[in-house]
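Presented sequentially are two complexes of chain A, the first with chain B as partner and the second with chain C.
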Partner chain A sequence: MTKQTKPEALRKTPSIYPTKTKLQITIIFFVVLGFYLFSMVWTQREMVGGFGDALGNMYTVIEKFFPPNLEVIPKVWEAMAQTIQMAVIATTLAAILTVPLALLSAQNITTFKPLYLFTRTLLNTLRTIPDLVLAVIFVGLFGVGLLPGILALFIFSLGILAKLISETIEAVDMNPLEAMRASGGNIFQVIYFGLIPQVLPQFTSFVLYVFEINIRASVVLGLVGAGGIGLVLDQQLGFYNYPNAMAIIILIFIVVIVIEFISNKLREALI
Partner chain B sequence: MIEFKDVGLIYPNGTEGLKNINVTINDGEFVVIVGLSGAGKSTLIRSINRLVTPTSGSLSVDNENILDYRGSDLRKLRTKIGMIFQNYNLVNRTNVLKNVLAGRLGHTGTLRSILNLYKKEDIGLAYESLQRVNIGEKIYNRADELSGGQQQRVSIARVLTQQPKYILADEPVASLDPPTSHQVMTYLKKINKEHNITTIVNLHFIDMAMEYADRIIGMRAGEIVFDGPASNVTEKTFEEIYGRAIREDDLRGGAKES
Partner chain C sequence: MSTYSLPPKQPKSTSKKVKRILILLAVAAIYIWTFLGIEIDWGRAFERMANNFDRVVPKLFNPDWTATSEVALKIWETVLIAFAGSLMAAILAVPLGFLAAQNMTRSKILTAVGKWILSAVRAFPDIILAILFVVAVGPNAFAGVLAIAIGSTGMLGKLYSEVIEAIDMKVIEAMEANGANKIQILFYGVMPQIIPEFLSYAIYRFEVDIRASSILGIVGAGGIGTMIIFASSNRNWNEMGLILLAIIIVVTIIDFLSARIRRKIV
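Right, the complex of A and B next:
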């Protein structure tokens, strides 16, 4: 008896995924795998000898950079402070301008579709420009200094912040907003009382996060002439003054860690 | 007075929300609208403060046709109509007092409200409303720290602070347990009698409808299929409204707590 019923039961039991889905997933898996294999083979052909000398070179590099000349640190303090100031100013400006932009690019608040699409596209375009390119353009426009750095960071962080925050806005609970609307509030009151309390913690957290990114980015921007510690680092490397460069690198390292630690603690307290 | 004349509403996706509604709600009445979910109760109630807009007929509140209201006219209409929701619709991260003060938004200028410069008497009014629903000691708690029943009482306080002429309640007890449901309905009834505020409540529990309503309106498939004083209503009437036999889950049950 059991022998007869068993195959029948097996045939009737459906598999968890439909055959079509299974087939699609298998194909996608092999395509991705093939892509990996191809790029592995290809890059290794182009990087022949890439790893071979690395260990030997490491020794030379370390020998050049050590010991760091720590006496240079008091002299570069000012540049370091400038870098932090750049990040503070750029992040603050971006945080302010993000508010209207994020509202205009959130589908649940901006129900007028053309406006929403326009802001969305503008922000997407903004985000595709790398910060380094922005810095190069602004240095070309305004000359070497802090201003081009601040502008580059500002536009760069505006793109990230507005995107992150508009997505947060799209995920809020719309019910309290409906209640505010039903009690006769105008659009500003509805946003201020129904929406802002819901997104404020994430907003602050994202702003701190972007501030951290900006500190690191502002160092890199200095390399292309946008002021701050990056500019000094670039000069020292240009003079082949590696012990000085090493001291600057260590300073940057410590400052970034301290700032990240503080902002992490702040963000933990907020959420 | 709220007057529906041949009101119809077709949603953009083609669903017919309301069909040929003709009904007049007089000042001071406590009306309960019953019907199965999808019968059009919410659509009917939300037409009155224009959270949805009927597509045909005319709807007048205090003898003014509200269907072509826009902008400030619409906001003025909404300030005199308070609304209570199934999910309370409080701002969770904000404290109880500020939630209740939101009821004054329509009466307060934009700048004044954004700077938190509510008039002293408004704050007094908010506190008084909270005391009326016996929750005066919770003013600085965050809304999400309260139980469902407490949150619904806060939302009643918010509506009271609005000093409306009409109160609309869309399934106010559907998310609450039986004793709390009776408590909330008792508050609504008390407010209706003491302040003479016209109150329209959507319910699908027939025992609660019979207990609290002065007048019952029955809806099915977007149409009004019954309209009469609660004293005329029997289980038979409900079977006609629902189009099927009464079941256990059509009753809220639970003795009235006082």
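Right, the complex of A and C next:
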């Protein structure tokens, strides 16, 4: 571009956005920026040495963790298998129990409003509790082991699954259902021939999605004593045995990627 | 009575049938493996539950209000961790999102590289990242910020790349034909199409990160999780009740606000 003053007409062209919007956006931008700077300062206030030291530390950490001691993998394989089994059982239980809950929290099926609102609120509250917190509570109740892990995963995935599926049910095309009703189908026929074919592909896809989430959640549940590979990882970290811990982390990483890949392929085939 | 015939059924291809049967067999095998492999000592677990029930559950519903100020401070720290982390991720994810979008790089290799980086990052659970960063920067809230930032970049980058791949390319072609350079195309062709959705996803991710950052303290990365782990090892279930209440309230408020803002943006 040549150095040229803008022509008069161009300079006076009003902006597409009104001044008020511009002002609002500027204010929001600075509020966000200010809050960000504040939170950066706040979260670093307990840090010794500040950010510069942290970068140097990062290098020492890599030295500590590498090379990973891959010899531990055959020994931890059983714990890894338990982790996957935990996720399988929890997902299955959640998939079964979600059906009545999803129907109760779908507005077009449960026309009785108080019941619908009650289930909705219950599910919303359930979903706010992080899985590890549930695990902590169940470990307190049942003691260390696989059962608290399965229960925590089950409750946690029930909340997600019921919400996703109730939304699918609410988005169902009600016309075929009404037509079936009008031509004399009873309620079971309507559900079996009208509702299930519309919901089933999504249902399976969501179950697989929740299974992926559960796999990722189950590997860390052991950190609070709920069994599986996380328990072994926690022990190794407790002994400051970083090469072993790194080998376990790599194993977790590979298992998560493989399962996600398979589940993705299955989901694509289904929809 | 008029006679009618049903429409003919769609013939199913054999390959589809074989696929179905294989999937069914695989699922059956997984279940058999699971139920043979898992062993739970039901007797002991339920005995413990029967013993512990009165000590735990009623106390959860009877929060210890004396800890309010400490819990409030820690939950505030949790919100700060989530905010700083998700904002960092929202910015870090932009270049990665562009890299992983097929229509921006126009190179299969670069796109594949971008997609691989993003899915590799996504495969790490947040808390594992937190473990690594706690060792790196020490047990403080900043380790949590870094864990959230890296953890969220994977998912945000993927969502961003999907948004970019879905934009209307006709606008960009028209601009190219008119002789606009790359920067102009980026600012006037691409950005207006993607900014609302980028913002919406970033805010959604903040919602998710609030939940994630509330547990990071379990491995020492700051926030309310620190109190969770102390309360559980001290068997202080009254305090746990208050912590739970605080998490539920904060998450609900943030979910509500974020849903409203997102509805306004898109």
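By our rule, the second predicted complex is superposed on the first by the 221 of 271 C-alpha atoms of A that agree within 3 Å, B and C clash if a C-alpha of one lies under 4 Å from a C-alpha of the other, contacts with A are read in each partner's own complex, and residues count from 1 in each chain.
One rule holds in what follows: a contact is a pair of C-beta atoms (placed from the backbone, for glycine too) under 8 Å apart; a residue touches a chain by one contact, two chains touch by 3 or more.
Here the structure is a predicted model, which is why all the values come from computation and not from measurement.
**Q** Just to be sure I read the superposition right, which of the two partners does A:Ile155 touch: chain B = first, chain C = second, or both, or neither?
**A** neither
**Q** Once the shared chain is lined up, is A:Val172 touching chain B (first), chain C (second), both, or neither of them?
**A** So A:Val172 meets neither chain B nor chain C here.
**Q** Using the touch definition from the top, say if A:Pro130 reaches chain B (first), chain C (second), both or neither.
**A** Once the two structures are laid over each other on A, A:Pro130 reaches chain C alone.
**Q** Is A:Leu223 contacted by the first partner chain B, the second partner chain C, both or neither?
**A** second
**Q** If we overlay the two complexes on their shared chain A, which of chain B and chain C does A:Gly145 touch? Say first, second, both or neither.
**A** Only chain C is touched by A:Gly145; chain B is not.
**Q** Should A:Tyr36 be classified as contacting the first partner (chain B), the second (chain C), both, or neither?
**A** second
**Q** For the overlaid complexes, name the partner, chain B or chain C, with more touching residues on chain A.
**A** C
**Q** Report for A:Arg181: first if it touches chain B alone, second if chain C alone, otherwise both or neither.
**A** first
**Q** Can you name the residues of chain A that touch chain B in the complex?
**A** 173, 175-176, 178-186, 188-189, 192-194, 197-198, 200-201
**Q** Can you check the complex and tell me which residues of chain B touch chain A?
**A** Counting only chain B, the residues touching chain A are 49, 51, 75-79, 81-83, 85, 87, 89-94, 98, 102-103, 105-108, 110, 113-114, 155, 158-159, 162.
**Q** Give the list of chain A residues in touch with chain C in this complex.
**A** 32, 35-36, 38-40, 42-44, 46-48, 54, 57-58, 61, 64-65, 81-82, 84-86, 88-89, 92, 124-125, 128-133, 136-137, 139-143, 145-147, 150, 216-217, 219-220, 223-224, 233, 237, 242, 245, 249, 252-253, 256-257, 260, 266, 269
**Q** Would you pull the chain C residues touching chain A in the complex into a rising list?
**A** Chain C residues touching chain A: 19, 23, 30-31, 33-34, 37-42, 44-46, 48-49, 52-53, 56-57, 60, 77, 80-81, 83-84, 87, 119-120, 123-125, 127-128, 131-132, 135-138, 140-142, 144-145, 211-212, 214-215, 218-219, 222, 225, 228-229, 232, 235, 237, 240, 243-244, 247-248, 251-252, 255.
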